[in-house]
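Below: the structure, in structure tokens.
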Amino acid sequence: MREIALLIVATLCTASAWAEPMHSAIERGRYLAAAGDCAACHTADGGKPYAGGRPVPTPFGVIYSTNITPDKETGIGRWTEEQFYQAMHEGISADGKHLYPAFPYPWYTKLSRDDVDAIKAFLDALPPVREENKQTALPWPFSVREVMAGWNTLYFHKGEFKPDPGQSAEWNRGAYLVEGLGHCSACHTPKNIAGGLKTGQKLEGGYGENWYATSLTNDVRDGLGDWTLDDIVQYLKTGANAKAAATGPMAEVIENSTQHLNDADLRAIAAYLRSVPGRNEAKSPETDKQRLARGEALYIDQCSGCHMEDGSGQPQVFPPLKGNAVVQAREPGAMLHMIIDGARIAATKSNPTGLAMPAFGWKLTDQDIAELATYLRAAWGNKAAPVAVSDVKKTRDRVAKAARAQ
Amino acid sequence: MERRAFLKTIALVPAVGAAPLRPIANPAAPGPAFFTPQESAFIDAALARLIPNDELGPGAKEAGVAGFISRQLGGPYGRAQTWYMQGPWREGTKEQGYQLKLTPAEFYRSAIEDVDQHCRGAYGGKNFAELDAASQDKVLHGLEKGDIKLARVSAKQFFDMLWHNTREGFLADPMYGGNRDFAGWKLIGFPGPRYNYVAEIEQYGKPYGLPPVGLMGRDPNRRIG
Amino acid sequence: MATRLPAVDVALVGFGLTGSMLAQELTDAGLKVLALERGGFRDTVPDFAIDHIQDEYRYAVRDDLVEEPERETLTFRNSADQVALPMRHIGSFRPAVGAGGAAVHWNGQTWRFLPTDFRMRSHTLERYGKKFVPEGMTIQDWPVTYEELEAHYDKFEYLCGISGKAGNLGGKIVDGGNPFEGARKRDYPLPPLKRSYATVLFDKAAKEVGLKPFPCPAANTSKPYKNIYGVQMGQCTFCGYCEWFGCGNYSKASPQSTIFPVLLKKTNFELRSHCNVLRVKLDGSGKRATGVTYVDEMGREFEQPAELVILCAYTTHNIHLLLLSGIGKPYQPGKGEGVIGRNYAYQITSSVDVFTDEILNPFMGAGSLGQAVDEFNGDNFDHGPHGFIGGGYIALWTTGGRPILQHYLPQDAPRWGSGWKKAMKENYLKACSIATHGSVMSYRDAWADLDPTYRSSYGDPLLRLTFDFHDNEHRMSNFLTDKAAEIGSAMKPRAMHVKQRKGHYSIVPYQTTHNTGGAIMGSDPKTSALNRYLQSWDVPNVFVMGACAFPQNHGYNPTGTVGALTYWAADAIVNQYLKRPGPLVHA
């Protein structure tokens, strides 16, 4: 996704474009589109910006994003502001069809009319690109778009964001961004089998694009509980902080979206997230000494070259594994994904390096990886449940799916 | 969403960021076994003298070095794949290095035959593998010093090549087939290709405590190829 | 029929250290820069990744990262009365192929030359008189001074994150650093690396014999480091897999770890890999380059127009390309005329193996982890009684203990058999080696030209090297070796093996990848190929980087000076040449 970031940055004037007051609707729309990370889905690999055609993997099949450049025949050049608002607010296309919630209208519904209009103004100002929309063909019954009407009844809560008068302006701004444009819970909240959010487990972690997205609650072990507001801001702005580094789909979110937000908005997001309650449950890590010894041996042999012998990593370079939220996540999927397939840290303007971890899945067996991961979740004061071989197998499947979705 | 090649927009540039995070193919990987049974008999016997099995531990034969050399000769090394093998060929000075038309595989094939031929002449019709240990040592010393004149190839050059490859097989990562059970590394006290000694480097004079590990892990029987 | 491509501002031949540095500087100046690299693209992950890079057999024995002689090699002879023969497999030096060049597989030993080194000829004549420069020795003063390069040495050190301790800050000698070094404005960007036991023992012994040891400047980071371009490096963990290997945890300076992350994102930079430059094309006058021709991996030929052509390939490849392209007059030793190929030099090394009673754990090391003394380098001592010129540092390096190639056995150890096993067992953990790293002067009878017989895989005549060590170098090297042995003895070893460099220069055993000269910088176009800005005297829109510019080689690894010269040349190109293209120096 780096070329998209490149193009976004290239089409922007300079970094100061963010800091200047955004007088014009187009400038405001540009900023909001970055916050909503529209370009990420609406630009195909090697394709023109916002011209659609990207295959978005969902549990129900692949959904192709559409052309939202102002081309009159193949894009949304003929859409009125009202029609665009209806799509964003209700998930209904200009031709009256239901959109699949791979397009995150359940979140964009929260946007104010003004903000939606500004985004439209920005899109209207883009160079029109002639690119026919690829047909999305989900298996029945999902191929029948009217099915979405039923899904919406169960899982879609239409309505613009309503500020909580008991909270600060900063908190409300953060809530507006996180629950709206940010659509964070689209990945970071667990979903039920129908793809609806388990709203009782808000932001406790979920799957998105074959990666496990960790908890954003204030759980001390597997969430942001021991992160300061500055930690969160630094992470979203640069791609890393002393405690963690963004990889996988989150790296692209940071590159395309959050690194372009201003500090005030990042702090607002941080303030809101730190208020989301976590369970802070007791955890039961592995206690079998022999199993832990084998995991420890694997760690020293394979991992200590970067993550150091005591798990403390090299802060701002290789994340510490000690106290690490991804390591202690309720589901070990993200950690396993990285061990199996490697990872590359977000490359941002403030930290362009993009340090990478190689794949170890080719030389470690499922058993090795399970024991290593189990050890990591019990070492240095970490506390999280052991990892089973089946967890590793499932993650290998997800890695393969992610590769096929390329 | 997998990470994208950030330079894919520039047509002629290689897909940089899309380079997989998985490792690339290994040009030192073993090929098919090269030695004939007769050559294997020679090699087994020679290895047993070059690095014998003794009270200090397994020797080259036990460490799988014969198979290592055989499969290296069957691979890119044996084929001199990276060497400059264009003619014309002239004998040079020793400062000018290897100037033969023969690849290592061809060299071994000729040399082993030549050595056996010499042994048959000098030891009443016996090939090297059939000699007693003392005679075998004598032959090896003779090759090493260049005292023996072989029919086709230089004895000294063959000995040097064989001894180099023997040490390589004895001390390379066991994933190449030699250094079985870390025999070579255990002999000398090398803990394998580890990557972090920050805590240990200033513990002057202290032995390093961890057992040997190969690239494929602490089980020396995991191979490649 | 070559396909003609759209023009670029700058065509760089080779994408190693100097190519990467220039690409970064010249793209920052707004130029459209194209790098043509005959090898493939390489990056830390996956090519040098920590999951597989620490493989001695693959990378140090089978030379995986080194340029294959099958692709390109050279022919070699000691003297003109011999027939030069091809270097058929890798030996004395190990040039690279692929993005990042040899700065991927180097050790990271990063030095500055001495102020007197830059005035080699005049200083020697002043102090010692004409007799000290024998007939046939063709040393020259550099056309730049140490003082002019100081800021550029500094920039290179801050690019790489050199770990070290300054010995001369603004003229003030600082305890614990190199008291002989040229004055520097500020200290190294990182403190020295933690010391291995062997270097501690050397330090003690060197002090006992009255010398002033100091930590060797290392392009292995002692701490995580963010460099001058905002690129983040990690911290060296002493794995002992430096030279011949890429660094798996971003702690050795290479173009990958210091420049690529910012360079490769630029829209005004393009890399074409697997593209071998065949010729620099000149116009009818022969005084202007119009661009380069190259062949891609499918064998298709292209013509790439460029305003500026900069040779950034390895020393020998740069000389080769100049000869093939007809830039500068080829050197003819008989006549003493010509400049391309003139003043080729190398390095003369020796060592003293030291065997201790205590465990040294040699496998804990880093490419530049060492302790050195510089009393016998350059003109740091009175050469009067000795009758030779030049010198070198003496250092105990602990670069690693890789079992196949990095073990030391006493002189009397049996070469094979049970006795060899016993010697290996008793000595592997308790041995180290003191190295001497001596200068090599330039001589009339050491040069490079085109071979009349042998050709490369690209169909061109190979470069031919005629080179040997001279009496001056042998005497100097023996002197250094004796000094090294003194220090070794003071380490109170149980055994010592003094290994003087004897006999002719041989292309067979590895020594250093420090080939220098052949396209030297100088003040006189009759005896140099380049002016003081590394600009060709003959074709002003061609610049040539690298150690081929050294008029002679001094007693230090060349990379620090190569880096400094590159920044010096970049500065001249951006601030002088671009404003007024043409010769920057009128001879």
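Residue numbering begins at 1 within each chain, and the chains themselves are lettered A, B and C in the order written.
To be clear about the criterion, contacts are C-beta pairs under 8 Å (C-beta built on N, C-alpha and C of every residue); 3 or more make two chains touch, one makes a residue touch a chain.
Please read all numbers here as calculations on a predicted model, not as lab measurements.
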Most centrally placed chain - per-chain CA mean versus overall CA mean: C
Farthest-lying chain, centroid of Cα atoms versus that of chain B: A
Distance between the centres, which are taken as Cα means, of chain C and chain B, whole angstrom: 30
Rounded Å distance, chain A centre to chain C centre (Cα mean): 46
Residues within chain A bordering two or more other chains: 2, 6, 302, 304-306, 308, 342, 344, 347, 354, 356-359, 362-363
In chain B, residues with contacts to at least two other chains: 6-7, 20-23, 194-196, 198, 215
Chain C: positions in contact with at least two other chains: 43, 45-46, 49-52, 235, 237, 239, 248-249, 265, 267
Residues of chain B that touch chain C when the two form their complex: 6-7, 10, 12-14, 16, 19-24, 26-28, 49-52, 54, 56-57, 59, 76-77, 80-86, 88, 90, 92-99, 137, 140, 144, 163, 166-168, 171-173, 176, 184-185, 187-191, 193-198, 200-202, 204-208, 215
Chain A - residues contacting chain B, complex: 1-7, 40, 45-46, 209, 249, 251-252, 297-298, 300-302, 304-306, 308-310, 341-344, 347, 354, 356-359, 361-364, 368, 402-403, 405-406
Residue ranges of chain C in contact with chain A within the complex: 43-46, 49-52, 224, 230-235, 237, 239, 248-250, 261-262, 265, 267
Chain B-facing residues of chain C, complex: 40-41, 43, 45-47, 49-52, 54-58, 61-64, 68-70, 73, 76-78, 82-83, 85-91, 194-197, 200, 235, 237-241, 248-249, 264-265, 267, 270-273, 358-359, 361, 363-364, 401, 403-404, 407, 415-418, 420-422, 424-425, 428-429, 453-455, 504-508
Chain C contact footprint on chain A (complex, rising order): 2, 6, 10, 302, 304-306, 308, 314-318, 342, 344, 347, 350-360, 362-363
